[in-house]
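Okay, got some structures for you below.
Next, two complexes with chain A in common: one pairs it with chain B, the other with chain C.
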Partner chain A sequence: MLEAYGIAIATLFQPLNLLVMLVAILIGLIVGIIPGIGGGTMVVILLPFIFRMPPEVALILLVSLHAVVFTSGGITSILLNMPGESFSAATLLDGFPMTKKGEGGRAIGAAVTSSMAGGIVPVFLALAMVPLVMPIIMAFGQPEMAMLVLLGISFMAALTGGSVIKGLISGAAGVLLSLVGYHFVTGVHRFSFGTTFLYDGIELIPLLLGLFGIAEIFHLVMRGETAIAQKAVVKLSGVAEGMKDVWRHKWLWFRSTIIGYIVGIIPGVGAGVATWVSYGQAKQTSKHPEKFGTGVVEGVIAPEAADNAKEAGSLLTTMALGIPGSAIMALFMAAFLMVGVEPGPGMLAEHLPLALTLLLGIALANIIGGIICLFAAPQLVRVASAHLDFLFPVILIAALIGVYVATPSPLNFVMILVFGIFGLVMRRHGYSRPALILGFVLGGLLENYSLLSIKIYGPFFLFRPISLTLLVIMILLLLYPQLKRGISGLRGRLSGT
Partner chain B sequence: MTKKLAIITGVLLLAVIIVATGCPPKNEPVAPAEFYKGKSIELVSTASPGILTDLILRIMASHLSGDTGASVVVTTMTAASGMEGMNYLYKAEPDGLTLGVTSSIKFLANKVFDEPVAEYEFEEFSYIMSIGRRLTHFFVSPEGAYQTVAELQAAKDLILGATSPSGYFTLANLTVIKILGLDAQVITGFDGVSAVALAVKRGEITGYTVEVSHARIEAGLIKPIFALATERDPLMPDVPAITELVSLSSEDLALIRLWETALVNSTLFAGPPGLPEDRLAFLRDLANQWTQDEGFRKEIDAVAGEEVQTYTTGEEVNSTMLETAAGLDNFQAIFADLIAKHRA
Partner chain C sequence: MKLKGSFWVALLFLALGLFGIIQSLTFGYWESMMLPLGISIIIFILAAVEVAREFKRRGEKGTAAATEATAKDSEHKAENRRLGLIFGWAAGFCLAIYLLGFYISTPLFAFAYLKWRRRSWMVAVVFAIALLAFSYLVFAVGLKVPLYKGLIFGAH
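And now, the complex of A and B:
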């Protein structure tokens, strides 16, 4: 094993491999920042070029690029209220309010540090986790998946903002939107009007960019604002404050990393679950849950850690079992095959030095990418104080490019505008856009897993050990603030008597 | 006067030179090899990025560009399980500048289920070549209760898994249920083939019918019981063909042959209906040359993860599709009956 580590380190630090890694990191960071374009798009573009590359060079290129997309992905959410990639949506809930308060640098510092560490630590857990991957995957059948998704949805109450009723209406609207399209359990076409455009349902990217980014710009322009934030911290000290925040909330970061990692290991749960569950548990276990959504740093730390950690978990399942947990991991599977490495149980035995090179490569890419982001943060924050006359067209064009790359249909341009207006109306009348997104992302999954569970196990699918455990965790988390208040009150009364 | 004449002569001469060199008469036929030079070919992908079909398309794109001198632009149209791309290709101008690559199984399954969104007739496309012949097998869990056909036939309330109710897996499962006379239902909605394989491994469902995946077999998730074919798969020589295990009626045998020909999973390279004969012949020639090229074959093998044994010419694919179309009503009736039973 030590010899394999030695080979891996030597391979990683070869000048060519380091150079490839640096180029990949720069591409990955830029791709992560551009709204709508995820790492998957770049991997697709690079796939035909890796044929003639040595396996280690090709795979270092791809994993380094992918590793840092999540590190920089949160920056656009924080500064512009536009998720850089679809899973950064939870970060904007508190990240953008921090920017508006002039704490953009601190938010970026916290997001990048949390994401970077969230991407590094699981790498070192990976080999120890290998024997546990299969039992974890086997333990999560359709009922457990349904409960895990329900756990994520249960945090809708935590995202309702001022009015619980309006929050629930928003969440229900999200669930309704997720129902559009061909239903793969029942075979029914729902509101797709016989078109190919709506056959697969409404796309997430135009919904996200319209609902948050475009709506926010509309709102600022209509209010006569000239910039997102009038004062923007442009010192490294602000960024350093964010880094310290992660240390201050190290247990929150740790919990979120573990949540992301475990969710990443289980194929099919959906990346959205990791970030939303992390955000929800951060709020429910916070000493000041009422401040979430107004710009608290914990609301940035939790989703960012989970977002990056889940990718490490997902890559582990792909390498160790040959089961791609997500669309991007299917691309990695293809890349492995293209360079002559077959993912699966044999990979860690036959290609251990290569597997270690990739794992250590992820860690190194996260460190380098994170440092670049932290040093660039003071300059990036300036974007928030740029005049809207300049910023609006740039954001609009970036959003349209992002939408077109992610979902190349001109009709999505109409969708982004429609959702932009819808988002503006929701914002003006106090309806919760995060609750809508949560309903949209997890509603369809909950429906699918519940229906499959009922078909396979019957109506009592909940009465399985892990399902019940998850149900209990969900109830405890929802009641945690009340329980905590009750216990404190009881302690106070006891100490008073 | 002489000056005027000189100018007129000069202008006329210039016009003649321009016409002679730069502007060939409109109706003059251009050899396909010349036609493509400097042009742009749109290559439509109906498969999601990273899927085998899409990876093969990207290899083809690189060879097509190199061999024709045209720039090749890949357009991904995956909406409605790829039907968006197939519709687009079907309606495209048949000038040879719009071509497409798709998975063969999508074509027919959509027509069998009479998908309203499928606006094409599969037998009318101009087929250029087909790559691969991934036979369909029936899989169970290696630790499951049912390891033989006899055990499956004796069992009650079996569950077979699939992704889409109107897809290839469902058709394959229904075929197995019919041929073996199983007491089984098909449950759909699993998020991809890996999810079905994991459900099999967990014991949530009994099995499923799909093409071979060596990775999943080696990971111990699934175990093949038989090939839905009349002969063993050369890539899985230890697994019997279904015809070795049960005796089949002529109708069932015809169904099995359908799974070996039109419904066999392969990657089709095609143009829209009505592609000019000379351009179709040129593209077919190119494709045939690729199949002789060691480098091309190695690249295809690399993305397929195994040695791809079959390259079928466009002419052969065309005749298979025409044959299938001729018998489609019969197959549709058989499957319609099965689907109706299944839904009931």
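And now, the complex of A and C:
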């Protein structure tokens, strides 16, 4: 084992590999900042180029790129209220309000530090905890997965602040939208109105960019505002303050990192749920939960830590079990096979040094990427104080190019505008756009897992011990505000008598 | 009694739920029907609760709220006018991309928009060229992603 560690470190620090890593980090940071061009799109674009590369070089390239996309993606969420990926959406709930309050630098400092540290620690957890987590993974069958998806969506519903009902409606609408198109089990076309464009369903990128990016820019112009942030802080001191915030909230960061890591390990669910579950626990355990969504730094620290933390867990599951921990990990599986490495239970035995190289690569890429982001942050913060006359064309063009690159059909331009208006309506009337996105991302999984559960275990699959536990947690979570109000009311009455 | 936008949005979700239920019943197989039907029923019930709450809320506020709403009407009208204009620009740009492609419509849109916002000729031209150069260098040169060339100039 120690020998494998030695080989991994030596491989990682070879000049060529370090150079490849540096290039990948720069690409990853740029890709993360540009809204709509997610890490997944970039991995897909790079796949054809890795064929002739040695496995360790090719995989270091992809892993390093992917590792830092989340770090810089948080910056876009914070400054422009446009998540690069659905997973970054949790960050914008408090990150963007912080920018509006003139605390963009602080939010970036907190996000980058939390994300960077959140990406490093789980690597060592992954290396140490392999024997412990495997039995947990193996205990999760389809019913438990279905319940875990529902739990993730319920967390979102509970986070909408004002109304749990509106949150649930949004999450359910997201699931319904995810069901549009061809049903692979029966071949039925659902909600496609006979148009071939909708046969493959609604694409995520137009939905994401429409609901957040376009809706936000519509909102700003509609309100007659001239800039996203009138007094964006362009000082390194703001960034340093954000870094200190992570230390001040170290236990929150640690909890979020552990949550991200554990959720990341669970195959097929980790990507979307980690950030929201983490944000949820930050809000639920906070002394001032009512301030979440108005620009509190804890709301940035928690999702950013979980966002990056899940990657080590996700990669570990992909390599050890051959089960992709997320949609991007499915692309990584293709990359593994393309360079002649077969992920699965045999990989840790046959390619242990390579597996360790990749895990350590995530940690190193996070350190380098994080340092670059922190030094470039004051320049990045300037984006927020640009006049809306210039930002509107830039954001619109970036969004439309992003949509076209991800889904090359001009009809998606119509979709992005429709979702832009829909997002604006949701924003104005207190419906949760993140809940809708999460429902959309996890809707397909929910259907697969619930169908398989019914076929294998019958209609009473919910009553398996872990499923039942998750169900109870979900109900308690949804009823928590009422329970809390009831308990404090009872206390008030008791103290009064 | 004038009803707020929130009421109509809740009603929209109610209609979505109802539409989902009716459509789901036509899918034939229980496998295709189960989740859409279940989710549509959930949306329908929750939206009905929300509609009822909005209706009740409006009734409770009564005439005082109605007076306040009238005062806000002119503000809303101005906002809606701005939204209409900006949506028009966005839709026009999408149409331009569809017909002319990214490389022509990007500088054209940036220039026209800035001129409409009463920016100087110099600023509008420099910004339009910079935006085109950035898009071209990042996507066509850097990422080797061919951008859409439009219906007129040979869609890619």
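Operating definition for what follows: the second predicted complex is superposed on the first by the 403 of 497 C-alpha atoms of A that agree within 3 Å, B and C clash if a C-alpha of one lies under 4 Å from a C-alpha of the other, contacts with A are read in each partner's own complex, and residues count from 1 in each chain.
One rule holds for everything that comes next: a residue touches a chain if its C-beta (ideal position, glycine included) is under 8 Å from a C-beta of that chain, and two chains touch if they have at least 3 such contacts.
Just so it is clear, the structure is predicted and the values come from calculations on it, not from any experiment.
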Exercise for the section: Return first, second, both or neither, reflecting whether A:Val185 touches chain B, chain C, both chains, or no partner chain. Expected result: both
Problem - Which superposed partner A:Tyr404 touches (first chain B, second chain C, both, neither) - result: second
Exercise for the section: Return first, second, both or neither, reflecting whether A:Leu396 touches chain B, chain C, both chains, or no partner chain. Expected result: second
Exercise for the section: Give one of first, second, both or neither to describe whether A:Arg428 is in contact with chain B, with chain C, with both, or with none. Expected result: second
Practice task
Check whether A:Gly420 is in contact with chain B, with chain C, with both or with neither, and answer first, second, both or neither.
Solution key: second
Practice task
Would you check which partner chain A:Leu451 touches, where first means chain B only, second means chain C only, and both and neither mean what they say?
Solution key: both
Practice task
Answer with first, second, both or neither: which of chain B and chain C does A:Ala172 touch in the superposed model?
Solution key: second
Practice task
Scan A:Gly340 for contacts with chain B and chain C and give back first, second, both or neither.
Solution key: first
Handout entry: Residues of chain A that lie at the interface with chain B and also at the interface with chain C
Key = 183, 185-186, 408, 451
Exercise for the section: Could you please specify the touching residues of chain A with respect to chain C in the complex? Expected result: 34, 45, 163, 165-166, 168-169, 172-173, 175-176, 179, 183, 185-186, 188, 190-191, 214, 217-218, 221-224, 389-390, 392-394, 396-397, 400-401, 404-405, 408, 410, 413-414, 416-417, 420-421, 424-426, 428-431, 443, 446-447, 450-451, 454
Problem - In the complex, chain B residues that touch chain A - result: 48-52, 55, 58-59, 61-62, 75-77, 79-81, 83-84, 87, 116-117, 159, 163-166, 187-192, 194-195, 197-199, 201-202, 204-205, 214-216, 218-221, 299, 302-305
Exercise for the section: Show which residues of chain C lie in contact with chain A when the two form their complex. Expected result: 5-6, 9, 13, 16, 20, 23-24, 27-29, 31-32, 34-36, 39-40, 42-43, 46-47, 49-50, 53, 78-80, 82-83, 86-87, 89-91, 93-94, 97-98, 102, 106, 109-110, 113-114, 117, 119, 127, 131, 135, 138-139, 143-145, 147-148, 155
Handout entry: Touching residues on chain A, where the partner in the complex is chain B
Key = 40, 43-44, 47-48, 51, 137-138, 141-142, 182-187, 194-197, 199-200, 267-268, 321-324, 327, 330-331, 333-334, 337-340, 342-346, 408-409, 448, 451-452, 455-457
